[in-house]
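The chains carry the letters A, B, C and D, assigned in the order they are written, with residues numbered from 1 in each.
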Amino acid sequence: MSVVILMWCVLAFLVVASIAIGLAKRRIATPMVYGATALIASVGCVTAFISLVSNQSATLRLPLGLPWLGANFHVDALSAFFLVVVDLGAAVASVYALGYGRHEQSAERVLPFYAAFLAGLNLVVLAEDAFTFLLSWEFMSLTSWALVMAHHRSADNVRAGYVYILMASFGTFTLLLAYGLLAGPDGHYGFEAIRSHHPDALHSALILGLVLVGAGSKAGLVPLHVWLPLAHPAAPSHVSALMSGVMTKVAVYAFIRIVFDLLGPPVWWWGVVVLALGGITSVMGVLYALMQHDLKRLLAYHTVENIGIIFIGLGLALAFSANGLLATAALALTAALFHVFNHSVFKSLLFFGSGAVLTATGERDMEHLGGLIHRMPLTAFAFLIGCAAISALPPFNGFVSEWLTFQAILLSPELPQWGLKLSVPAVGAMLALSAALAAACFVKAFGVTFSGRARTRAAETAHESDQFSLTAMFFLATVCLVAGLLPGFFIDAIAPSVHLVLGGHMPLQAAQPWLSIVPIAQGRSSYNGLLIFLFIAVSASLGAYSVHLFASKAKRRAPAWDGGYPEASPLTQYTAGSFAQPIRRVFGTLVFRAREHVEFPLPGETRPAKLEVILEDVVWDMLYAPISGAITFLADRLNVLQFLTIRRYLSLVFAALVLLLLAIAIWR
Amino acid sequence: MKGLLDGTTLVLVIPAFAAAVLAVLPGYRLSARLNMVASFLTLLAAVSLFFVHAQPGTYFLIDDLNIVFIVLSTIIGFTTSVFSASYIGHELETGRLTPTNLRFYHAMYQVMMFGMNLALIANNIGLMWVAIELATLATVVMVGIYRTHEALEAAWKYFILASVGIAFALFGTILVYMAAQPVLGEGLQSMTWTVLVAHVSKFDPALLNVAFVFLFLGYGTKVGLAPLHAWLPDAHAEGPTPISAVLSGLLLNVALYAILRFKMLMTLNSTAIAPGPLMVVVGLISVIFAAFMLYRRRDIKRLFAYSSIEHMGIIVFAFGMGGPLANFAGLLQMTMHSLTKSAIFFAVGHIAQIKGTQRIADIRGLTVTHPVLGWGLVLGVIAIAGMPPLGIFMSEFLIVTSTFAREPLLALALVLGLLVAFGALMLRLQGIAFGEPTGSAAPSKASYLPIFAHLTLVLAAGIYLPPMLVVWFQHVAQMLG
Amino acid sequence: MHGLAFDISHLLAGSLVLVSLMMLYQDRLYALLNVFALHAVLLSLSVGWQAYIQDAPHLYVTALIALVFKAIIIPVALHRMIVTLGIHREIETTAGIGPIMLGGIALVGLSMAVMLRITPDADPIAREDLAFALSVLLLGLLIMVTRRNAVGQVVGFMSLENGLVLAATGAKGMPLVVEISVAFSVLIAFIVIGIFLFRIRERFDSVDVQALDRFRGDRR
Amino acid sequence: MALISDLTVQGAQMLLVLLVAPLITGLVRKMKARLLRRQGPPILQPYRDLIRLLRKEVVLADNASWLFRAAPYLIFAATWVSAALVPTFAAGLLFSWTADLIALVALLGSARFLLALAGMDIGTSFGGIGSSREVMIASLAEPAMMMIIFSLALLAGTTQLSGIAQYMTSPSVGLRVTLGLALISLMMVGIAENARIPVDNPSTHLELTMVHEAMILEYSGRHLALIELAASLKLLVYLSLIVCIFFSWGIATAGDTSIHYALGAAAFVGKLLVGCFGLAVFETAIAKMRVFRVPTFLGAALMLGLLGALLLFVSRGL
């Protein structure tokens, strides 16, 4: 039943898309489309949620796609969970876009693809055979590419779109190969058929690698992340939110579906590989983010970081389940899935915030912003909550999932293999590092954008954004808080999908005293966001009350003291670059080959002193530059063949003939 | 008497008659219409072949394999004639063509159709050879019709290389005859297809091997496989766009059809060399070579010509791999490619006419100035690049997955080629369709019907293949073995 | 009788190969044309012989065509063309004559190696003929790719095609042989005319368009 | 009945930490002064400062936002709560399970986050310096802390502080290298987190070197009072962390008689005195290091933690 409703939703999305093409440039199109998508998405979200908690599974087979196979769609706990994530994000994004979309210059290039994109997102999660899956997967990439190209007049966006579509189809091809191995020579493309027979060790390893590359390139695992910081900022903000918050999660779904579900029993070293990738990704992502001063690009890099954290959880789950430690594996997987949900929530929130800033000031560059907390307090508040959540600060939701991950890491000594024993603590350190750096980065992001004084005219004249956007943002902020205060319920909701994948799940949380969460046992570790929050609230108000009781209430406004320097210009404020400087000093030389080039004018010279920082993107230089270089080289060399004389072409033919005849003469 | 009225003869008679009429008919509007009508009637006749199953005669043969080809080529022949009607008018206004040219052009168009249909339904390898050469020579003269320096060079190059190909193909045919003659005795029956197939197992394998080498090279020249491809890009780029469309959409297929026929022959003789590996290797070479060649193209029609080489490579690769899945995929790929590529050439033709240039660098921001054409082109290129939900995705999916399970390395090489080609196509597409628009923004009077008819078919096929078609293809795949 | 028939056809075919090899080392156009005429004559002889021993009268037509068209008309036409177009009299070859000759011999060896694979129970005449025909064909192609000169290349193509006709006539009772030879003669005529029309002086691949415009004055 | 007693104990703890915190600061200052042969301020000076600050009016910068004004209360609250959850004189407090060690650290993290934001809020260069350096130090301190937690959890099989404390009192623990390494590394982290010499100098106002002081440069009056209080609370938290983890003898457990509690409290204060003295001696003995030496300092802490965990594997023969 549920699958039928969801497929109707997909159909509805597609219909909306086609209508949007028809409406093209009309003003009415924007509210109509976004209203419709919001409605459809919420229906889908509710349906998915119901089938998640009721843990029912349903299959639907349509006579489409591969003739002898048909297009199979399936909803089980896992896909239901991801559908909740997808459709929640979609619904909120649509609501946000009701306001944000008004400022869209070329709506006709956004609306149809937006609806189609939503359809694609849903389809990937619903697909139950290799062909349908890949079709939806590529369809998703294609529509999002069109959305990235929506503002195609700027050369950067075109480049971003190009890199994106290349990486996307590269990923698709690797997944294609993986499915080729899974399906075998006579093409059992149905997931059921694939589950029924497991490939041998070598093939499984190969498939794991392929899936890591394929799904990883979509999710943004280092070093396949390069498209992400280019494409996400290029798209309109609500689309960026979907791409960052939701599409990457669909990639995570692909990974879980194939590696945990289709591929059969895991081997312990898979865990090592995934863990290492996750750890590196999280740290690299956040370091890249720290170096950015473009708000949306910073957020995109943080997506990379969080994907890393999710994959750490997945790697742990693999390692534990390979050793049959079901409870712990369930803990790790729950942590990962919960972080999937959390990240989709607060990343969407943050992108909405940046979108609001963008519409208010027309600026994405933090160096040109500042002091927005005065001009747009509500947005600032919501954004602040998002920052706190993504920085894994209690009592918000980001902390809970990372806390769970840590708990899983702390259980790693139970693992028999030395490789895991020794690598997991290091990964734990990486996780802690990336969490702390994330906090640092969001102090920077919020501090430079919203705090301080306005650096430009645009920032001074900013205005608070519209109701729709604010509604969306505050809804998500509330979710962040609620998921942080009552994580037990969310964990219980996730439990069915974890059980489906691993055959085990965490202890029921709702039953715990005081609604606290207990991964393994009360005596071992527990956390109660609700109480913490209450304590803080109580003691804060207590402090405030007593202070106002005993202390003087007098307060005077005066110019900032700033260590005695009078009225410095806003330009003396700390910028994003200068804020990141200490951390750049620590990690930069290692990761970015950072060089600082200072030139002081000699005494008597009037020119200003200059400090320039050169950062190199090592990943790009090491991996992508050589590839494109090789292609260019070959293309140039081969291009000679376009300009030969007929005689030379004839000699080619002649050579081919003689070669083949020789082959025959020799062949016995 | 009835013989004259059944589809088999009609698909030959109508074009021949039309050619004769068009050769003398003045006035391009009328002749363009007549051209359309004739092509349409041929299409009808071809479709009728589905329903009335003609028994194989001594000269003509209708089986499941060639019906697919005939219907496909007549469909594209018809849509192309529609397109050319709106295209030629513009050429006449700009004075690139004279009325005399046009009369010649239309006559030749029908001659070419006649040749192709004859080649497709011929039950006699000699007849098939004659027909294919006829079609080739017809296209040669049409390629040169603009009489510009480049056009003449292209036509000349095409002519010379084609002649060598013709010679090879003939030699191969003779060898097949000589292989058959000891078994079947002298005379026609040892060139009659159905008889050959029946007795091929008794033929001398060594002779068959040599024969296949020559046939493969001879007809492969027309398929445009690297390194025999040299004529193809220039012929596409310099000839009138309708001809580029039919070249990519039809002629390549017809030559491919010939190769397939002889492949069947080879596979039926167990002692002869299996033709598969040769086709696989040459196919791969063509794919990868064409993929790299795509990057340095400045002329938009040449670009898509190279993409045709690439796709022919894929198709030959698929048929070379063999097996029901790969053959099915190959057929599907061939059909989809013909439809898509001709649609692309239609779009490109209009674009080149509007912008007055074929230089890719001079065409920008098309989706802004000409949304319909621009998005049509985007859709077409996305389809040709193998993206869902369009048909080619399905065939490439089948080819790659089925190959990777059997021959991982080959599949990797193929995927490499596909990716490189994809990169080039998208790079150019983004340049053409997006960015700040340049060139004239004059609205085009073109009829978008052919373009979108093809694209709709491709889209539909990508999502839903009618069971009847599927059964058909599967049966043909079985035939190909 | 049979033995004699075999020997004669063998002799004629073999001498065709020999003449092809001779053509390889001609470095002057006129000489080349003369040798080619000889080639054509030999072809018509061997075709005639085949016609006789297969008593297939239609083959006499082919022989006649070969004699008249290839041995007389075409060489004469080419002579006049050389004069009118003022083509350099000597042919510059791509490689030295020596290597080309070696290549030619290697090709003959190759074609023998390929053809002798054929099971001997096949008709020996056919077998031998095929071997020779294949070598003639390959040699013709070699001439095409080693001559920088249009006329030289045409001659190469024609000798290639002679090989085809030889093979076709060698194939007992093959239908359409006459038609094919006619078709090919037409094809060659096209090429020759093409060279004349487009004023292709040196190589196949440079078309002289001004000349063309002069030729067809009706072009605006 | 039991609940009520538990509540009282918990409440007692909350009050205790609140009252003791400034005393710690005062003690350390005094000891340092004495070690330098100076008279030094009276031990109770911090209390006086707090009261004076509370009496003074608040001078707010013109563009101070609501965040700037709300931050002190939240920082204070967060620090206080975390202090209240550390077993000081009694393990197994009523609410000690609401947050394990990790959550505790994270809670302090939230406080730091707010403080850094407050530093950025006015938009002065000093605030920026302070915040950026603070987050840099913190981002290096946290992995080290994680490693310490890892080896502790590995030993005690729990991250609940009470559990760890009880495990440490139990005879099974014995003397382990790991514990020593963890102790040293925890001390280094504590020094860094509390802006003590050699990482930062709490008593300096030389702008270029200061970290913590730079952030709160714009605060005054009651806000400043709350932040100072929070700072001393944080110091107390780390001291009592060290105490309850590594020197947990004499600590009372849930359900003991009030005598035990009294003893535990006394022991706690005693340990604190020792701890302050140690800190004072260390601070006088060592010189402040440049900001960019700090990474190596904390890196050493991280390495020690990691080494501890690995040694534990070896010694456990796992």
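The working rule: a contact is a pair of C-beta atoms (placed from the backbone, for glycine too) under 8 Å apart; a residue touches a chain by one contact, two chains touch by 3 or more.
All figures in this text were calculated on a predicted structure; none of them were measured in a lab.
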Which of A-B and A-D has more C-beta contact pairs: A-D
Chain nearest the global centroid, as defined over all protein CA atoms shown: A
Where chain B and chain D are represented by their mean Cα positions, the distance between them in whole Å: 79
Centroid distance [mean C-alpha coordinates] between chain D and chain A, Å: 35
CA centroid of chain A to CA centroid of chain B, Å: 44
CA centroid of chain C to CA centroid of chain D, Å: 100
Residues of chain A engaged with two or more neighbouring chains: 646, 650, 657, 661, 664
Junction residues of chain D - those touching two or more other chains: none
For chain C, residues that touch 2 or more chains besides their own: 114, 117, 141, 144, 204-205
Chains that touch, pairwise: A-B, A-C, A-D, B-C
Parts of chain B lying in touch with chain A, wherever the complex brings them together: 156-157, 160-161, 164, 168, 206, 209-210, 213-214, 216-217, 221, 227-228, 230-231, 233, 273, 278, 289, 292-293, 295-296, 325, 365, 367, 382, 385, 387-389, 393-394, 397-398, 400-406, 411-412, 415, 418-420, 422-423, 426-427, 430, 434-436, 462-465, 467, 470
Contacting residues of chain A [partner chain B, same complex]: 63-68, 130-131, 134-136, 138-139, 142, 149, 152-153, 155, 158, 161-162, 165-166, 169-170, 173, 176-177, 179-181, 183-187, 189, 631-632, 634-636, 638-639, 641-642, 644, 646, 649-650, 652-653, 655-657, 660-661, 664, 667
Chain A partner contacts - residues on chain D that touch it in the complex: 54-63, 65-67, 73-74, 76-78, 80-81, 84, 95, 97-100, 102-103, 106-107, 109-110, 112-113, 116-117, 119-129, 131-133, 135-136, 138-143, 145-147, 149-150, 153-154, 157-160, 163, 207, 217-218, 221-222, 225-226, 291-292, 295, 302, 306, 309-310, 313, 318
Contact set on chain B toward chain C in their complex: 95, 126, 130, 133, 147-149, 152-153, 156-157, 159-160, 163-164, 166-167, 170-171, 174-175, 177-178, 181-182, 185-188, 191, 204, 206-207, 209-210
Contact set on chain C toward chain B in their complex: 114-115, 117-119, 121-123, 126, 130, 133-134, 137, 141, 144, 157, 160-161, 163-164, 167-168, 170-176, 179-180, 183, 187, 190-191, 194, 198, 200, 204-207, 209, 212, 216, 219-220
